[in-house]
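Look for subunit A in each of the two complexes below; its partner is subunit B in the first and subunit C in the second.
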Partner chain A sequence: MEKTPTVTPTVNRRAFLNTLGVTVGGTGLIGAGLVGGSQLLKAAQDPAKGRVPDTPFRTGHMTFLTGAGAVLGEPSIKGHTMAAEEINAQGGLLGKRKIETITADEAAGTDACVKEVRRMKLDAKIDMFTGVISSGTSPAVGPVAEELGLLTILTDGCTDFLFDKAIPNPKYVFRITNIQSSDGITAAIGVAQTWPHVRKIAHIHPDYAYGRNASEHFTLALERLVPGTEVVSESWPKLFTTDFAAHITKIMSAQPDLLVASVWGGDYVAFYKQALRYGLFDKMKVASTIAFGVAPHAIGKDHPEGVLAGVHSNYYFTYPGGDRWPLNKSFVQRYFKRWNEYPNFQSEGAYMALYLLKSAIERANKLTGGWPEDEAIISQLEGLGIDAPSGYLYMRPDHQAYKDAVTGFSKNLPDYEFASWDPARIITIPIRNITAPLGWPKPGTTHNESTAAANWIKTTWPKVVG
Partner chain B sequence: MKPDPNAPRDHSLARLAAAMAPVLLLLILLPTFVETYQIQLVTYGLIAAIAALGFNLLLGYTGLLSFGHSAYFGLGAYTVAFVVQRLGPHSMEFYILIGIPVVAIASALFGYVCVRHTRIFFGILTLAISQVVYSLALKLYWVTGGSDGLRVPRPALLLGLLNFSGPRGFQQFITSYYYYVLAIFVVCVVLMWVVVHSPFGKALQAIRDNEVRARFLGLRIRRFRWISFLVSGTLTGLAGILWVPLNGLTTPDVLYWTFSGEIVFSALLGGFRNFTGPIVGGIVFTYLKTYAVATTEYWQLLLGVVLVTLVLVLPTGIVGGLSTLGLRLRKGRS
Partner chain C sequence: MAFLTIQILNSLLYASVLFLIAAGLSLIFGVMRIINLAHGSLYAVGAYVTAWLVGRGIALGLPPGWLFLLLPLGALSVALIGIVIEPLLLRPFYRRAEEYQLLVTFGLIQILEDSIRFIWGGTPLSADALMDALPIIHIGGLLYPAYNLVVIGIGVVAALALWVAIYHTKFGVMLRATSQDRRMASALGLNVGLVYVMAFGIGCFMAGLGGAIVVPTQAAVLGMGIDALVIAFVVVVIGGLGSLKGALVGALVVSFVRTAGIQFFPELELAVLYLIAALVLLVRPTGLFGTA
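Right after this comes the complex of A and B.
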């Protein structure tokens, strides 16, 4: 068991950032793209063993189809659909079972989502559940999926709370996006590296699990990376608010050096457009955990440059760029061809969820023959590693997947009709350096921090001096 | 046999029993015909019916339109969630035992303030109070979980006699819980029937129809309204208590004014001038919303159209419309 050291060790910032493996300019994956073509698209090398039924494999995909969340929800369903179409074009799962999808609108509210998951399993008889964006939804539907025995790959809703407390020993539920605490930490590292002189900090976060988590972990990490900062203003708008005027004036009157924001989706688009009118971006630095998490075209050319525009620490379509990671190049091309727009991290997550499932089913089939039982699929999913457009994706045995964290700075490039990332300033961080390792004590066991990650930072991170 | 002074009431109870018997029999046999999912939906429906039944004591019998009954439903649900979190025992009876006094006290307190006014002023007051409760649940993040809400695991039923922890625990729980809710539902219906047919209930109707006359008869109007509010809020609160273990989670959604609107909608849908109207309305609304959400992303539009049609075409609701139709058919035959 870890014990809090009585004296927190201290280091200087540059040395600390080096030990965290922070890379700028996106050189992290050079030389990694040696595999030619898209191996995801290749049909399974061997035909499936044993008798496989040709009944459709029914999936239920829940995401925001309406409201301010839809700028994340639409890409999610598009990524899912594209993967299903590609797999079906090869004959389906194990070459036999075509993927069929029914959808549900997450915007109906948390309680309605719980009912919907039950309906999908008990009435519509789905074989697998996937999707979910909001961190308010995932801890609600996760336990429902467990009690129904419903194989689930959540494509977001990445709150630490889900596997820390709501279902600490998941059997059926997996999650493919990076854990949420890494999001706040990634933004803090971006700030510490770029603007180490900031002292007065303002916060604006949506008033629910995600905003609370982002704020807490950003502050925890920043306290260690940039000593001597103080929080001068906090705003907690309700999720899916469209009027930010009162919050913006409050932030500006506090005269902070830096604004930390985790408002997302349509909320962020509304926020930045209103903040522009007040000249907020001229008065302070802005760091966001998830500004560019929306569908890329939802951001306008009017978006200011030089904002730390996070993508939920998961994926942005221009990285890894060029020919360095063919998997990404081909994914973005196919996605553009299919939908006439660029993918976001939800598209990639939803897309990879089906390929992860496909890979696990093929492995299980090699071992058992025939259509594998859920138990066999689950044991293959645990610990499965797969190449994804975003890089290497690893499903930890505790059902939480990881990939290296990434964030970047907004810039208006002539190539796109929207503000995107400055290719020279993309920050990547090896995920193991910013997340609690497998088996780290969960809240309520040996400590009572809000997350395992918070406890891990407090007990193991040194403090920067100077 | 000697004439019984309580004869009229017995007669009316017998009438209720006669009307309920076939429906009850059908409900008891239901789990043998349908799947777990449908049983679960009917359970949600019965709970909504209890809430609407309680609500209708105010609207249908006392003539007061409350736009804040979400507060009592939500308070019931949150009380259970707090009991689970702080006190621990996973027993449904314990939840009810703690929950009922809490919602009763809350209804008494809020009712005391609200019944000082009638008509729109009453409606606005109830709405305002429920919004205060909603804001508290939303903003006290560290206590209530904010918009994430609080989880409530499956409780044991009948003082721990029935426990549901096995691999098929959920399915077993739904069936058992269905009968549990059905039993409470029957008790509520009988209780409400007795209340509205008692002298107290008649007094409420007199107040509803002509306040001035009722006052001249010597009825203490405000007190009658207050007690009516108390019973109404408590019954809706009981629905909240029963709802939360089934749903597994409570969020501020059930405290928001739109949820009050759903209760009003249910009563209108069934017909608030009928005793059975809110019961039918609660169940039908549950199905309507579930399948509207499941089939179209324009479910809000669909519900809106239903509401507008209802008000224009069937102002007396489903039950009112059916009974009018029945009367006409009978007249046509004779």
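Right after this comes the complex of A and C.
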């Protein structure tokens, strides 16, 4: 019997981008959350019900304290610390329990990180674990946190693998940043929206899980949004490389229309400075998933304009801008006052992790009185919607947070000492339109794609024509 | 053709910096028989000090040309650190087993890396004013920053200067004598302690110079020293530890092979270096020019 060939449905690009809900101009604040959350800093707090102990609430925050990763680790600690200070200034959680933090260095390596999580729970008796940046660390410590019954809110380590494979049915582990696959997809949508005529594509990605994921999902999405592209050059520099001269020359020799990059942190700073002097930015469009993911002031005024400068699809401090979303305005002001710099997505994620916890604890307390058990906190965290500096944040019942994916174009504004985003060209995408829906089959069940997202795109996305 | 020319220049640029790091590492091993694991971190200190000095210089309104004088200053600051740590920290360990030397220099890595973060923070530090002080030249319709040629030039001059110093000066004779037989040299009236501190100082100066000249082209970032150390080891494994010629040839091999890897086998960029190192170890365990 002859097999009927499967026909991929086709659609017009503009119509498709519209169904994806892509908004340009930074005016959209659609919100992934369905529930209006409570304000972070309420003037008057409802008093806690019942007897609440006044023992400190101990958190263990793990992030890169040393090495090249510290460029993201520092903002993470700063966001966490600021949230703890603010909550403690109001008396602590439920007005009684002050947050105490012990830190652990993620640079110690995966095995050491796993041991450290055990030690923090068993010896240091932490009540909650937060942090983690690397996608290598989160799938290692996630299962251990589950085994220990340790309440955990990961503030990055956003690999799809964590909830696809490592802990497909999490009970104690939550994650507050957008899932990694949405990063590549967001960049692809940005490209399709802005430069639909690119055909020859060059790639440069750090040679590890994140770079592979970004490359794969970018390509998957772009194939559907801009058919007929071809990859003309690939580069896989080692993570934490700073010499990119040979990569840049190679990319330029292929004469692509577009360069896609997921090089991050200090690597990206070194990359763009070299690429600039070799004239790369004059020869092609550049789209990055995470160029502006570092602390904003790490990028210089020399950064070229018009680069699609992603922020891990999570948060950039100028969006939502102006007076439109006072929560972000005041967060950025307080952060600047406290640390004399602007926050990045790590700062916002680590900051919100504690406020998410606070909100869940308060809700649980209202129901039952007294200090809520972990079970009660978890049941409140699941499905919790809350207002965050980045917009509406919604914790899906499967423990992966949802917030609008966001990316933007670099521009030199007189307001800042560094290149930032063009306020008129910020792109937002409702996250539910670029992630596999709740309950979508995970890899190893009905399919063997690398991620649930990849399978979802291949199964449900139409192909654009024309 | 123009692309090929630029890739060759890129390779020479990388080789210059690698040579400066690896030659220092090799020199220190040749004279003191100690593997200084903190060598890469000293390179990073050179980069950070230079970037910081350039930043200060710009703030004080120094004209761009004068900023070039800050390069040797960055290197000298690392030499000074070396002159302090050799007699105080390392000398007590020369007679101990190698494990102790590795441990103490590994500890030094941690101290230096933490100090860098403590002093300069986690944000990358740049010194691109130096790069922009020189023109961008055109090579067959492509752009190439003239500053990179300066880096290549400094690498060549450093190699020549080191060669002259070791093989054609009295100090070089003392250095080689101490390297061959420390006790005999001492018995003949050589101030071995002074030779040690000078050799270590020169080795550190080279590492610091590598960091100083590379920072305008990239940026000073956390972890750059560890990355450099690993690649410097590949260089000395190929070239032979303790040999100046080995450091030069190793640096050239590593940088040309790396560039070829990037250009033709992007998936193997890193693996190809280790494959060559492994091959050399199999055929000539002491490296191409090593004697140890």
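The definition used in the following text is that the second predicted complex is superposed on the first by the 449 of 466 C-alpha atoms of A that agree within 3 Å, B and C clash if a C-alpha of one lies under 4 Å from a C-alpha of the other, contacts with A are read in each partner's own complex, and residues count from 1 in each chain.
Just so it is clear, a contact is a pair of C-beta atoms (placed from the backbone, for glycine too) under 8 Å apart; a residue touches a chain by one contact, two chains touch by 3 or more.
None of these values were measured; they are calculated from a predicted model.
Asks: Under the superposition described at the top, does placing subunit B and subunit C together on subunit A give a clash or a fit?
Replies: Aligned on subunit A, subunit B and subunit C clash with each other.
Asks: Between subunit B (first) and subunit C (second), which, if any, makes contact with A:274: first, second, both or neither?
Replies: It touches subunit C, and subunit B stays clear.
Asks: Which of the two partners, first being subunit B and second being subunit C, lies in contact with A:184: first, second, both, or neither?
Replies: In the superposition, A:184 contacts neither subunit B nor subunit C.
Asks: Under the stated touch criterion, which partner chain does A:295 make contact with: subunit B (first), subunit C (second), both, or neither?
Replies: second
Asks: Tell me which partner A:119 touches in the superposition: subunit B (first), subunit C (second), both or neither.
Replies: Touch status of A:119: first partner only.
Asks: After superposition on the shared chain, which partner residues are touched by A:266: those of subunit B (first), subunit C (second), both, or neither?
Replies: Touch status of A:266: second partner only.
Asks: Which holds for A:166: it touches subunit B only (first), subunit C only (second), both, or neither?
Replies: first
Asks: Please work out whether A:207 is in contact with subunit B alone, subunit C alone, both, or neither, and reply first, second, both or neither.
Replies: Once the two structures are laid over each other on A, A:207 reaches both partners.
Asks: According to the stated criteria, A:389 is in contact with first (subunit B), second (subunit C), both, or neither; which is it?
Replies: Neither partner.
Asks: Give one of first, second, both or neither to describe whether A:242 is in contact with subunit B, with subunit C, with both, or with none.
Replies: Once the two structures are laid over each other on A, A:242 reaches subunit C alone.
Asks: Identify the overlap between the subunit B-contacting and the subunit C-contacting residues of subunit A.
Replies: Looking at subunit A, the two contact sets intersect at 66, 207, 238.
Asks: Touching subunit B in the complex: which residues of subunit A?
Replies: Residues in contact with subunit B: 65-66, 104-105, 108-112, 114-116, 118-119, 122-123, 135-136, 139-140, 143-144, 147-149, 161, 166, 207-209, 212, 238-239.
Asks: In the complex of these two chains, what residues of subunit C are touching subunit A?
Replies: Checking each residue of subunit C against subunit A gives 3, 6-7, 10-11, 13-14, 17, 113-114, 117, 121-124, 126, 128, 131, 136, 142-145, 148, 214, 217-219, 221-224, 226-227, 258-259, 262-263, 266-267, 269-270.
Asks: Given the complex with subunit C, which residues does subunit A contribute to the contact?
Replies: 66-71, 73-74, 207, 234-238, 240-243, 245-247, 249-250, 252-253, 265-267, 269-270, 273-274, 277-279, 294-295, 297-298, 300, 302
Asks: For subunit B, which residues count as touching subunit A in their complex?
Replies: Result: residues 35-38, 40, 44, 138-139, 141, 146-149, 151, 154, 167, 169-170, 247-249, 251, 253-254, 289-290, 293-294, 297, 299 of subunit B touch subunit A.
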